[in-house]
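The letters A, B and C name the chains in turn, as written, and every chain counts its residues from 1.
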């Protein structure tokens, strides 16, 4: 075996430290989210720019199949994914119907220790409510903009957001070097917070439609329904009303059951999903399609005990 | 130039060894396969959890577009891809219609030296037949489960399969540390093995429909058809019968030819594909759509020499 | 603190150099582009083969959703993305309707310092015109072919293109070791170059249809339209004619405006896009679908000043 004199051990320690520090720097993943789809060249251009900043970056996709211009969905995707990524991960979320207008370009530091690079157009709404937004900085484009991109060829997702996100993930800039600190007030999309009404009904928002199954995801926690004295084990029936911007879309009496198999195939059910929030589905069917229900800020759901209204 | 004394060379050797060993450890890729699609946040959550285990993992997608709940297709995708990945690669395959039931969660070591992390629900069927399954271990969820995931928020693909796969790929655990060794008996989906019948016909299974072209992939090796004395160069015609669960779906006399251009546009053909197995197609058309033929355990194909039955 | 004698500093420098050189070697990304979609196992097989060459490769997708066999689109995707990737990046582009024929398999070195591994079937057309092709080498398949792939199981995208691309990206081979230098003449798809005609109209090619919006991308630079004395700020109307292989498909008088909002919803407009080329769109609509216009070598567009023809 080798003889390892003291000095060389010292050398090994120094180098090991140096290596681990620089490795640590490179360990923040960059996660991209957009409505660009993967059929065009836009996503690949963003990745090329990011690798130009640091050839060793870990780059991943959240999804690029957000409905075009649907900022609410962008917000839902971020808030539903962030918790599962390591601290320090940098998310770049570009759903930007206002490109070219004066919406701010920001980086938010979340309560869970991650970063979101995004136009401040509402995409941080659910992140602020679920993970929290501790600080926001406006991107200083005099520094954090792809060199040579100050022309009509500009594509902000690539030249500002992917570029800045890559620099932050690679440790080329610190969060402080993103740009000036802003008032910690983001643009929020208003939506129906879940709450119990005086008449013993519960209201909330339709947050998402899960594809390709068409199941309805709401923001009503199971605990609120528990508070009405209702349990899926009791085989109760509730009245479910869905409105869009106040206009009625759906109203029906539906069983509240533990899972799909408790109702006939083709029948609707109310249930508590894996996140302990209330959902709607059709056993072996597609609720969203059949009843033309969608998700978003203007979609509200109300669940009422039958007995409470009779 | 530098003067390099003996001791320092020793130091360099030691460090080089250390580096190469740890690099070796990190060199197993993690490959994800599922029916989750890429429109939702599920795949991204799995990747986040995997990078939380090891920030330097190589993570790739096999496909996330398996038909929902189609375990057979999951099996086909694994068996058709594994051979092209390096030894030690860890595949995570999650098509799990039985989530919440008592199917076992396992890691299989294949005859080709790779690992498959999956619910044991049939997804290993074709891997067992093609690559071989040498050992299976049941995942010990008291150890190999994402910390903090023991609640109603559980999503096994993320909390058990991606997490365990990442630990194995990263070298955090050895194969032995996955959990207890099981009898090497996997859940197998039964299907028609290719064979020659006494009346000089050949039967087999319809394994797959290749999208978007709609070509039919079977498990009948060209050699079995050779055995009937038939060659694509001879311009012969054969009788092809397709049944689903024994019910006839298709019966027609079809030319057996070297490739598409040997028949008119819009005409069906029998041919030998790049894997030397027998396939069915329509020249410039979609066989699966036109004749409503699908793939799976219950789909059987029979090829007969015309002369043999006349 | 540590005492760091001179010799050990030397050691550290030597090792740091060694590390940075080998890291440099590994820093070329491999970018894959094809018409294979992501529903099948083909893309994953290519990636497995590439990681078998070098387990640390950075592998990314340009897109795998090119229309099947559409070599023109392959060319468009390459030319539109290459500029945003670091020097040395290796692109593998496989849209190969001629697989099995004697089209050459090549690697092109571009004027921007990147490499494209591809069948020479026209996929380099727009790269040659936009980035330039400085040198082409034919792939020597006696060396640059996946070992064990010399059989009927051959899939060139995997066994030749991905394999050679990975070797080049990983620094296993140099560009010279790809194979013999060819005459720098690629297979070119002919298309209408943008030009001004004598009657004060401008002609060009319809290069692409941007999905899912259906906007028409042309190769006519804004400057050519400027040359007609037309400016989007002036509220002018032009005559737009579109032909496919010389046959008229569309003819209409259309306003030339700065952006979508300048015309009514549902109305067509001519505008200058972010690349300073002329495009066609319908405000809140899909031009390509509504007027059945596609892109490709045989699609020509002509823009004429109204006054010029009156």
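In the analysis below, a contact is a pair of C-beta atoms (placed from the backbone, for glycine too) under 8 Å apart; a residue touches a chain by one contact, two chains touch by 3 or more.
All values derive from a computational prediction rather than experimental measurement.
Visitor: Suppose a student superposes the Cα atoms of subunit A on subunit C; what rotation angle should they report, nearest 5 degrees?
Guide: Best-fit rotation on C-alpha atoms: 120 degrees.
Visitor: Same or different interface residues for subunit B and subunit C, judged by whether over half of the residue numbers are used by both?
Guide: Here the answer is different, because the shared fraction of interface numbers falls below one half.
Visitor: Could you work out how far the Cα centre of subunit B sits from that of subunit C, in whole Å?
Guide: Their C-alpha centroids are separated by 31 Å.
Visitor: Mark out which residues of subunit C touch at least two other chains, giving numbers and ranges.
Guide: 7-8, 11, 15, 38
Visitor: Could you list, by residue number, the parts of subunit B that touch subunit A in their complex?
Guide: Against subunit A, subunit B makes touches at 7-8, 10-11, 13-15, 18, 37-41, 44-49, 51-52, 55-56, 59, 68, 152-155, 158.
Visitor: Could you list, by residue number, the parts of subunit B that touch subunit C in their complex?
Guide: So the residues of subunit B in touch with subunit C come to 2-5, 7-8, 11-12, 15, 23, 27-29, 31, 38, 58, 60-65, 77, 80-81, 84-86, 89, 210-213, 259, 274-276.
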